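Next come two complexes built around subunit A: one with subunit B, the other with subunit C.
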Partner chain A sequence: MISSLATRLAHSLGSLLAVSLLCFALLRAAPGDYFTTLRLEPGLSPQTLRSIQQQADPRSPIVRRYALWCASALHGDFGQSLAYHMPVRALLAERIANTLLLSGAGLCGAWLLGLLLSTLRGRPAALVRLFASLLWSIPDPVLAFLLLWTALRLHALAPLPIGTTSPTASWTQWSNFVRQLALPALAMALGYLPLVLRHLQGGFDAAQHAPAVEAAHMHGLPPRIVLFRYILPEAANPLISLFGLGIGSLLSASLFVEVLFGWPGLGQLLLNAILMRDTNVVVAGVFCSALLLILGNLLADLLLWLHDPRLREAAS
Partner chain B sequence: MTPLLSVQDLSLDYGPTREGTVPVLQSASLSMEPGEIVGLLGPSGCGKTSLLRCILGVPAPAARIRCAALRFEDRDLLAMSMSERRTLRFRRMGFIFQDPAGRLSPFRRVRSQLRDMLPRATTRADLLHALAGAGFSDPECTAAAYPHQLSGGEAQRVAIAQALAVQPSLLLADEPSSALDTVTQRHILDLLLRMRALRRTAMLIVSHDPALLAAIADRILSLQAGALADYVPSHASRPAPPALAGHSQAAPLLQVRHLRFAHATHRLWPHTVRTTPILRQVSLSLAPGESLAIVGASGSGKSTLARCLAGIESRYSGEILFAGASLDPPRSLASRAQIQLVLQDTVGALNPRLTIAEILAEPLRIHARNRGTPRNVAERIRQMFAAVTLPATCLTRRPPQLSGGERQRVAIARALMLQPSLLLLDEALAGLDRALQDSILELLDRLRAQMHVACIHFTHDLGRFLRSADRIALLHQGHIVECHPAADFARLAEHPAALQLLHAILPEPGGP
Partner chain C sequence: MTLPRAALIFLVLYSALFAFAGFFATADPAAIDASLPYLPPEGIRFTSPAGQFHLRPYLVRPQPVPGQFAVYTRRGAAFIPLKFFVTTASADTTVDASPGSLHLCGISGGAPHFLGTDEFGRDVWSRLLYGGRTTLAIGLTASLAASLLALAVGLIAGSAAPWLDTLLMRLVETMISVPWFYLLLAVRALLPLRVSPWVAVAASTALMAAIGWARPARILRGVTIAAHQRAYVTMARATGASPWQIARWHTLPDLAPQAITQFTVLLPQFIASEVALSYLGLGVTEPLVSWGVMLTAAQHLSTFVEYPWLISPIWTMIPFFFSVHVLADRAGSLRPLTLPSLSRHWYKLPR
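Right, the complex of A and B next:
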């Protein structure tokens, strides 16, 4: 196990290096840079422009720049943002916290709702299935628009200023913050729900007919015990993998929702940074997404390993 | 005295299927006194398991039941709600399954699954006591094990411990000892008899083995054409196996040298690796067309040896030579076609989504590139089906619609489809009744004579193979401790384990 864990970690490090290098190279390969648009600014004198340019030093060879970036990234320093004039790390920390809050709430909501709905049997279950297919067929941005439109019609948004957030200590501000979070989080949850629901329903249905579950039923064990000690473990393996994927996509899944609801998260920042060619921000943002994806998969593997004793033996 | 259980005029059929309604039981009636042991005998697929499920209150979903009266402990079961029946079977009835290994949840330790059955106040000592009562010499170790670490026989003993743990007044057992070696079988029978003496537990035991039922039951009923009748032992003698001469001088088909295998269990923190040796040093050789029975108690490493020979398990050390060539992993497709394995657990071995015809055609399809697809696949399937004496109507069904014995015959037919030169049968006859075992063994004898197919039977049933195998090898704790011609085994064997096995052979009912 230790050696396979070490191999996994080595692979992960390799992937991270590859992701950052690819990101660097792609940004470099695309025409233009941050200063292309600045040059068109009539109010900016060529001297000023040159001094900014010298500070940023974008013309040194890419290998050298990448090596420097790696060295500072190892110390947790991702450089300066050209557009925001502040350290990328501080900038990202705030935005990542916002995004994690939004998509974390969405993910939890989807799983809770999915678990509740998947306990239904018979006709309600068929209705839920139909609802899930409908939801699955609506593109995420359209879904978010529909939600926004409905909320406006119902005046649920009326007292709330859209698009500002600062979680500070006061109670009213907190409750305001939660109310602001509710709608985008609901949009996230509804987008993710069909996937979770289909896996949960399928998993539980298959587990009902597993020999061990039938045996427990024939022994006459109480339904609660059969559900929690026999059906749930039987259905858990694919769900754990799905959960790991969900964790991995926490930073990247919420782009549409962030843009539509004006949520100041990583997605919006990254989109703007790409449009403005704010290289350091883009690379650091992509790097963080990749890191989370890898961590999510590692977490899923660890959970599977803990859950299924047969995997523990196969790992040797 | 009122009977403990009375069943009157129970009829059961499997509702509209593609072949119309399938009647299973017709006016079956049964009455049992407290503490009585009743044996239930019948060919495979006759509805023995369906009867047990009706009594428990969990019939198969497609079953349609008509019953005049069904009473247990002076209560009317037909008038009870589903949840009342559940509580009743939880507290008052015990059930033992035919295929024990798959019936334990793979995710939880034996002790937690056993604890589910027991009252909440049960102590750890009680739990270990229940396991020791089922014949485990090291209950501590078994309690901590996961089901996949147990052998088939050990899993069955856990299942028996589970069923007896609730101290039921009625125990229903579906082939309780078909997966056990003869020594453990004796032990379990003694255990069941002791339970009866202590607690007056009544038992309804389903088996295909008249010898076993004669040894334990007060009376034996036979289920035929859907109705129950008293069993009358027949005195028909078994045909002697055909003499196979002239193959022992040939170059060996299979040679195994110094085969070793060990399981490794890992713990995350603190990190420890515990290795459990399963095969310590196994060497044997087999001539073409020979029939060898490898006999051993449960947990002696029979299944592991079969898996190593079949190439499923590749983490062994040592050497396996097949027709003079080494079989180092990974194996070639051609060599895999030559060695075919039949498993004990037919539920797991057959894909439930395919029809029987598709299952039988599959090996031909997989090996089509090497050997060319025979033009008459359907003809081959039909021939093989007739050889294992299955009706052609089964071809369009799927494995869950067949009985255990029928599935086992399908599995054997599938293994023979490729005309292998070595057949490994891991307790493959254990779930079949005597008559079927005879007919399958005859079929194998015929194939051995015609095509020189060699067979290795991995079995616990020494008595059976003393009469039908050429040679017997005894596997004990990962070593081959005895290997003699079958005719002389009883005379030559001197290892204590061999003597114990020989001693435990049950006499044939109605025999000399």
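Right, the complex of A and C next:
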């Protein structure tokens, strides 16, 4: 088991390396850079511009630049953001925290709502199915638009811009913050819900007829016990994979919602960095989100391993 | 009639609306009318101002309030008789409609605005149709290209030498370990930010196809490997069939249902991506029109609330997506009809 997990880990590291190489190559190949934009600024003299340029780019070959970048990335240092004039790490840390909060809330909401709705039986279950397929056919950007529009019609939108997230904030600041979080998080949750519901309902329906579940029913166990002790473990495999995927896409799923609701997260930062040709930020952002995606898949593998004895048996 | 069949028929009719945008549109999508900015949707009445019934419908055009910008009143609204199958003689043909082209309906002197106008007085209904044409064309082309690419890669990886398989799958794994929309944006950053509109259309299509093929390719590779383990493939190999013959006659028919499913999964994803890209200013740009371009009007929240007809592309997308999803659900259970004629393969929807 250990060696197999080690193989998986090495595999993940390999694809991470490939990903970083890919991002870096892409952005080095991009025509124009941050200085092309800076040159248009009227207040900057050519001398100042040249000195900034010399500080940022020592005109070294691309392999060296990449090696340097990798070395510093291993220390958690992604260099300096040229547009924001601050270390990329500090910039990213703040934005990543915001994004994790937003999509974490969305993910939790979707799973809770999904679990709740999928325990229904009979006519309500059919209604839920219809609701899920309707929701499924509304693409995420459109769903976000619809929610924003409804909220604006109902005057339910909390005042912008987003308030503070510091732990020392007062109670009103916190409640304001939660109110601002609610709508984008709902947009995230509703976008994710149909996928969760589909897997949950499918899994539960299939598990209903598993021998263990039928035996448990025949022994006269109460439905609640059957649900949690027999049906849920039976249906867990695809759900664990889906959960891992959800964890993995925490950083990348919310770009459009962030832009639309003005949530200062990673997606918005990445978009601005692309528009401003801020290479370091783009590479770091894509790298972090890819890292999380790979970690999420690894987590799902690990959980599956722990949950399913058949997988352990097959490997040994 | 089964639900998938109904969805298919609806989809064909609905697409025709956009394919023949020039006929159903009432105005040139780029024609500016400075006298009617933000005109609300015009009503259609079958009664004259006096209250008499008329078979020929009237278009009720609200009148601008003098001295105020984009404020209209229903009081004293003009009742304009609607004409059908009109030919335009307009000379301002900036994008598509050629002079003398046939339209489903129109009015004398101007154009009806069924869904109102935007800030430049451009007709929203016509922009919706022309925009839909752009968006759907990009989505269809990109998903077709991506699924064909995925089919080719999956087939090659599943049946070629192990080193090629490993190489291709490492590439695929690299591509799918980056979140797809982020990768799309990062590759888009390769191009100059401002390009000519047609280049932008081609670029968005090519980018989506070039990035979206990886996940379906992995699935199709799995199906190819499974197909190769069937008894009739072993039999064919034993009788000396070439790899090409096996691929053509045995593997491809096995792959087709899965490939069609992947296409129907990619299509909505790509259409939504086009909308998102154009909204973010990285996709289709003015003067071309697409659904994403139309939604950029909603970037200002106040416009969004005061002129809700500007976000009409949202409502047109939902039925399209719904029917595609209904089809996608059934495409997986398509089965090849190989008998009675082996030379052609027809696919029929299960009951």
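To be clear about the criterion, the second predicted complex is superposed on the first by the 303 of 316 C-alpha atoms of A that agree within 3 Å, B and C clash if a C-alpha of one lies under 4 Å from a C-alpha of the other, contacts with A are read in each partner's own complex, and residues count from 1 in each chain.
One rule holds for everything that comes next: a contact is a pair of C-beta atoms (placed from the backbone, for glycine too) under 8 Å apart; a residue touches a chain by one contact, two chains touch by 3 or more.
Because the structure is predicted, anything quoted here is derived from the model rather than measured.
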Examine A:N272 and indicate which partner it touches, taking first as subunit B and second as subunit C; both and neither are also allowed. neither
Report task. Return first, second, both or neither, reflecting whether A:Q208 touches subunit B, subunit C, both chains, or no partner chain. Result -> neither
- request: Based on the superposed arrangement, let me know which partner A:R312 touches: subunit B (first), subunit C (second), both, or neither?
  value: first
- Just subunit B (first), just subunit C (second), both, or neither: which does A:P222 touch? first
> Which partner does A:L152 contact after superposing on A: first (subunit B), second (subunit C), both, neither?
Replying inline: second
With the two complexes superposed on chain A, say which partner A:V142 touches: subunit B (first), subunit C (second), both, or neither. second
Winner on subunit A touched-residue count between subunit B and subunit C: chain C
Handout entry: Partner chain in contact with A:Y230 - subunit B first, subunit C second, else both or neither
Key = first
Intersected contact list for subunit A, partners subunit B and subunit C none
Contacts from subunit C onto subunit A in the complex sit at residues 170, 173-174, 177-179, 181-183, 185-193, 268, 271-272, 275-276, 279-282, 295, 298, 301, 304-305, 308, 311, 314, 317-318, 321-322, 324-325
Within their complex, subunit B touches subunit A through residues 53, 56, 58, 85-91, 93, 95, 97, 99, 102-108, 112, 116-117, 146, 148, 162-163, 263-266, 268, 271, 273, 347
Listed in rising order, the residues of subunit A that touch subunit B in the complex are 1-2, 211-223, 225, 229-230, 233-234, 236, 305-310, 312-313, 315-316
Within their complex, subunit A touches subunit C through residues 14-16, 18-19, 22-23, 26-27, 29-32, 133-134, 136-142, 145-146, 148-149, 152-153, 249, 251-253, 255-256, 259, 270-271, 274-275, 277, 282, 285-286, 289-290, 293-294, 297
